[in-house]
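What follows is a pair of complexes built around chain A, which joins chain B in one and chain C in the other.
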Partner chain A sequence: MAEGYANDPEWADITPIELNDGSDSGAMPLATIAYPSEYLEATSYLRAVMAANEMSERALNLTKDVISMNPAHYTVWIYRARILFALDKDLIEELNWLNGVSLKYLKNYQIWHHRQVLISSQTHFPSVPAKEPDFLMEMFAQDSKNYHVWTYRHWLVRHFKLWDSPRELEDVEALIKADVRNNSAWNHRYMLRFGPRDDVPDAGMVNAGNVDISPEEKGRLPVVDEDLVDAELKFAQEQIVRAPENRSPWWYARGALRAAGRGLGEWEGFVGKFVDGDMVKSSHAVEWLADVYAEAEKVKAVEMLTMLKEKYDPIRKNYWDYRIRQLGEVA
Partner chain B sequence: MPPIIAGRHKRKVRFPAANLPPAIISTPTTAQQKHTGKKSPSDLKPGKSSKSKPITASGMASQEEPRPGIPALFTQPPPIRDPLVTETVQLQDATVNKCLTFLKGLHVSQQGTLNASGVPALQRDGHAVFLFESLEEEYPAGFVAMDASRPWMVYWALAGLTLLGEDPTRFRERVLETLRPMQNPTGGFGGGHGQISHLAGSYAAVLALALVGGEDAFALVDREAMWRWLGRLKQSDGGFSVTEGGEEDVRGAYCAATIISLLDLPLALPHDAKKAREAGFKTLTEGLAEYLSRCQSFEGGISGSPGVEAHGAYAFCALACLSILGPPEETIPRHMNIPLLLSWLSARQYAPEGGFSGRTNKLVDGCYSHWVGGCWPLLQSALDGKPQSSGAPPTTFGNLYSREGLDRYILGCCQSPSGGLRDKPGKSPDSYHTCYVLTGLSATQHHHYRTNTSITSSETFASAFSWQSTPVRADDNVYDKADRLVAFHPLFVIPHQAAANMRLWCERQPIAT
Partner chain C sequence: MAGPIFNTERHVKYYLRCLKTFLPSAYISNDSNRMLLAYLTLGGLDVLGVLQSKTTPEERQGYIDWLYHCQVPSGGFRGFSGTDFGDEKRTSDNEAWDPANVPATFFALVNLLILGDDLARVKRRECLEWLPKLQRGDGSFGEVLGPDGTVEGDSDLRYCCCASGIRYILRGHSGKGVEDVPDINVSELISYIEACQQSYDGGMGESPFCESHSGHTYCAVGSLHFLRRETDKTPSAQLLSPGSKKFEGLVGWLASRQTDKLLGEEDGEEEEEEVADNDNEEEPTTAEVGGRTETESVDDLIRGLSNMTPLSGATISCAGFNGRCNKLADTCYSFWNGAALMMLDRYCVIDDERNRQYLLEKTQHLVGGFGKGVGDPPDLLHSYFGMVSLAFQGEAGLARVDPALVATERTVEHLKSLPWWS
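What follows is the complex of A and B.
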């Protein structure tokens, strides 16, 4: 195929549709690319077979050829998925090929949507493919915060109802162990523990997207498993002790308490250990105390916010000032 | 005027192919190393091309004294540092080390350009030349990945040039002829000729046409087909997929709302809006705000789709979409938990860098000057409440972020010595970053607010067309007067007048449903 489609008898019946870059009008087109000739030819044949809506082996091979030259070409991925289903191809084989492409092109939306389209097929994949978590961990070994891969993994959890699958939590814990600042892993953990499940529409927090429920109530679980919340809070504390200035576990803990409808006050003792006069080990602890004191000891709350503003997080001065003003209005 | 006479002939350009814009909102790109066989010199992965030096209060990588006029906040590491080093810390240290040289005004390229605040001047001509070239010269073969994003390349260059005070209308005919083959008879624009229509490409194409303006540009869009296509993209959960058969995300929501409002498309669902009709929706916008509400994460920020990690680019898309759908002081508090959102958004700004990161524990990147920076006028407008009946700017909570920090990051760290703007020191410039870093700079230079007067007489979207801006007072700016940029509309990311012209022309050509 590398020698060209024009000389290939298999393609003799196709009249390629040449690239129209607008130059026929006489105007000089903008933002043009010096396409390699193989790419120009392959995409000319792609336009032709797509116009005819051809579902064939040769069209499938053509899509692979175009992808090898430009995996960001979203059109060719969508066309490829349609052909795969139309010809009832072996999707396991497709996944194996896709794994290689994924590892080669780490920042690509299309690959992950394509994977989702394949695995969505209940006929082919009534349950999660056994090697799927291993492959995702291989991706995370390259980039542990890859947004596309995490988006896909979140979809996978929902699609196959994997919230309580031991493997999900194991992988999250391994990633947090390797880098306690992997916020993507913390987000995944939150969704496993506190996200909406089953028939409830997907959301970053429960109670969202319902106009009858105030956004203040977002994240608040209707039924709380206190043991689970306690275990998550304990986990967060262990991780905070490892690196107290890491925002991720602090905000995870806030999420857990919010889910349970419990206040920040119960952590006052733990948090206080990180704020000892001039020995402040965590700006997040100072902020936590400010929130605790905001309830009843506004002077102390202002003191905490002022510490953040003046010493521990001064780039956010205007925000801390806003918080101080909010306290004044409440008082 | 920049010293270039453009468009006479085509030359191969010398853009470094190692560093294309990240796929934040655009139809994506892939790693370019495959094409060049080279690794980017800025590859920060620990253990690979750069060894990060740990930063301690006593052991800075760059020990030299900063130039005068620069506060310690921007020359010192943060006051608290955890002993535990992980990959995140290594990457962060390497970034801070690189930035400090620039923030202190010590980089060789900054010599002679610093003002009294220790901030380098905006290299206006260099950036304009960079954008003219990105528009008019042929990209080398290594850029083939951009073949699915060509409307973006036109938009980024035109928008950046407009911010710099250049007149984009001289490109009108060429823009029209470039985009015309990308439009599909079934509605929308693809990333190039023969590619299926994509919401991101359609957004960029519509904005590029608005930038050059004129009846021919507005009439190029087949608005009725666009409306029908949008109906087919509308999903049963209220959101939009970006293509037929493609992924659904918050980009889709924002791009659709922009297209619907600028082109004055009918809100009623077209007949073939199958999924939306089955879900019981009557209009294109119904259920959209609720979908965005479900994208707020427990951290307070907003993710690309429900349940994923909060991300700066998607936060802008969601807040801008809500602010198109209705007045921000109504739509944002109705659908977002504001205290959580404020906290997360505010935490995106780092010191000493001064710039914004897109996610918790990720690095600053110049493009978030727009994606995160652009959230602030919208949120601040939501907090300020209803516009004044006098039409005057509101008594305001003011800026809740550090304009000075962002200006220092943009002018100090994001300007490439050879023209164009970039993610961070060590990265190559590209038109994506040039456009959005300049957009961010412009936003720091203007106070954006809404008035009671809208350019549209229709009630729908009245709020979206009621924004005005005034330049920020000069006395506390760290940049010079000569570095001021044109103001952009905070929702549509083009000049206010360009948005108004397109909307008003379309209102005079109603589409029969």
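What follows is the complex of A and C.
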């Protein structure tokens, strides 16, 4: 199937439409590619069936062939989705094929969008397909920080309301356990724990659409489960001691406190255990203290920032200087 | 002067080869992005200052004609000529299979400007009429219009940025001649963009609550930048207002992207990092420690951690940028992060000298161009963004570059000379 449309009786009634790159009318094409003949032939037939708006089995196979050579082709996927629905094809079978394509082309936007289009069909998928989490974990085994897969999984949670699905948290915990620096997994955990839960018209940001709430309040939960917040803070502490220079759990803790409307000062005691004079066990603890002191003890805040600049984070010297200047302006 | 050198001659050769000979067949997976590849090529030659001297007026006219060849009859541009089945076959039933594409339209317009075209053949009115049809109810933009006028493509900030850029170029300051064309919904777009700021680390993700990512952050800031330039009123005051939590959070997140952990040099790095992190990977977590209260066990673990060794700046010569927390430096992120900071007027927070050392010593390639990571072969995208990052820092021999249009200031001047910009 991969080549030879011209000699295939199934395609005899189709007149392929050759690539018109404008050279005949005197244009000089840019970014010209040394196209292999199979690609030129398959895309000539694709243009012909698209021009005829053909919804057929053979067109479906042709899209597969073109995708195998150019998975970033932006109309071939839309066309394929149309045919699948028009011919009422088995979408589970389509997902199985798509799994293979996804594992082959790890960095591709279209593949994941196509998956989203299929799964969005309420008729076919009133609930999340049973094998979906297993496949996503298979993708993460290839690259546990794959942005496309995480974005898709995020969408899946919102689409099927999976915030409290035990499987979501289990997978996130397994990935954090395997690599405590997996920031994508931390982000997903944050979304599960503190993200908005309904299809609010604010594009997902808690309170973003509420004009009565000041911008500073946006992102905070309207109702706070203090036990949950405490448990998440404890989880963050346990992960911090595993690798104190790993920024992810430090940021996660800031987010948990923020969502609950609680201040950074609450962690002053915990964070202080990492800093003894200029003996330091985590640069992020020093930054945390600088933020706490910035409220009322500016001299101490400057000391912390100076320590970062001179000893523990010299790459960001200019940034720490910027922060020190800001404190001076406020004072 | 000793130290690394930007090898202008090699880079010019690399770009001319990309312009005038076929790209290898491995590029077919980028066939649909030819308009982008064209932009990276023309832009590269323009930043190097040789576009005029190394191409003839006839060639430049030929390129302009190809760009117009990619214009769709109903307005906007295709990403490549491969979807074109001919005007005579085009009907309302099949035109969705040969649609105008949002990013391609933005890049086509910038390409025309780089080549000095006056945009007279651009279907300006049709294009501006098409644009609002791509906007969704949540304020975001899609990539193309599908059958029945459905908005196709992810909701993501890349399309928001390109749509804002198209509007910026074609409406200009005065909107002369298109006053009656309905505009996109600017305030909904701004709300969508602001909702993409991750509330806890300050960066921006592809869509709300997604992991913060420098490429998408660039798109968010670029989009607001294009929209802000239009009016005096700034509805996005928070994110673009120095001193606000959102603004300072974003600056801090961008600054924290700079790293001396480099893609291509990761072998051994990871293990070394574990050691620096006090070797605690094997320690039981508190939940697994029996017999003590959990708080005590965390305290014990902290007590057991060793102190950090102060880092001497002298031992770190190179520092590039990553695109997400805990990832490795990659050439293009010197651009994505740097350009966002340029637009926020906070480029001063990064270490420009270590960035320069990284690009010139680690990813600049012997044959010209830049690779993605250390030792990688050059490609069009990383070559352009590596050079533009250096151009932001005033590297000798490179033209000054506007961080939003990502084209030379000469090109921006040309845009501003167009009738609807006066």
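In this section, the second predicted complex is superposed on the first by the 312 of 331 C-alpha atoms of A that agree within 3 Å, B and C clash if a C-alpha of one lies under 4 Å from a C-alpha of the other, contacts with A are read in each partner's own complex, and residues count from 1 in each chain.
Going forward, contacts are C-beta pairs under 8 Å (C-beta built on N, C-alpha and C of every residue); 3 or more make two chains touch, one makes a residue touch a chain.
Predicted model, so just to flag it, every value in this text is computed and none were measured.
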Partner chain(s) touched by A:43 [first = chain B, second = chain C, both, neither]: both
Which of chain B and chain C A:53 touches, first, second, both or neither: second
First (chain B), second (chain C), both or neither touched by A:5: neither
Which superposed partner A:234 touches (first chain B, second chain C, both, neither): second
First, second, both or neither for A:178, with chain B first and chain C second: first
Partner chain(s) touched by A:288 [first = chain B, second = chain C, both, neither]: neither
Partner chain(s) touched by A:154 [first = chain B, second = chain C, both, neither]: both
Partner chain in contact with A:104 - chain B first, chain C second, else both or neither: first
Which of chain B and chain C A:144 touches, first, second, both or neither: first
Overlap of the chain B and chain C footprints on chain A, listed as residue numbers: 17, 19-22, 25-36, 39, 43, 47, 50, 69-75, 78, 82, 105, 109, 113, 116, 145, 147, 150-151, 154, 180-184, 187, 190-191, 195, 201-205, 208-209, 215-216, 218-219, 242-248, 251-252, 254-255, 258, 280-283, 311-319, 322
Touch list for chain B against partner chain A, complex: 7, 10, 12, 22-23, 27-31, 34, 73, 79-82, 84, 86-89, 134-136, 138-141, 143-150, 153-154, 157, 171, 173-181, 190-196, 198, 237, 243-247, 290-291, 293-299, 302-311, 333-338, 340, 342-343, 346-347, 349-351, 354, 359-362, 397-402, 405
Interfacial residue positions of chain A with respect to chain C in the complex: 17, 19-22, 25-36, 39, 43, 47-48, 50-53, 69-75, 78-79, 82, 105, 109, 112-113, 116, 145, 147, 150-151, 154, 180-184, 187-188, 190-191, 195-196, 201-206, 208-209, 215-216, 218-219, 234, 237-239, 241-248, 251-252, 254-256, 258-259, 270, 273-274, 279-283, 310-319, 322, 326
Complex contact set, residues of chain C against chain A: 18-19, 22-25, 27-35, 37-38, 41-42, 59, 62-63, 65-69, 79, 81-86, 89-90, 93-94, 96-99, 101, 111, 138-140, 143-144, 146-147, 152-154, 191-192, 194-196, 198-201, 205-213, 238, 244-246, 248, 251-252, 255-256, 258-260, 273-274, 276-278, 280-281, 283, 285-287, 294, 298-299, 301-303, 305-308, 310-313, 316, 319, 324-327, 346, 348-351, 354
Chain B contact footprint on chain A (complex, rising order): 17, 19-23, 25-36, 39, 43, 46-47, 50, 69-75, 78, 81-82, 104-110, 113, 116-117, 144-145, 147, 150-151, 154, 158, 178-184, 187, 190-191, 194-195, 201-205, 208-211, 215-216, 218-219, 242-248, 251-252, 254-255, 258, 280-283, 311-319, 322, 325
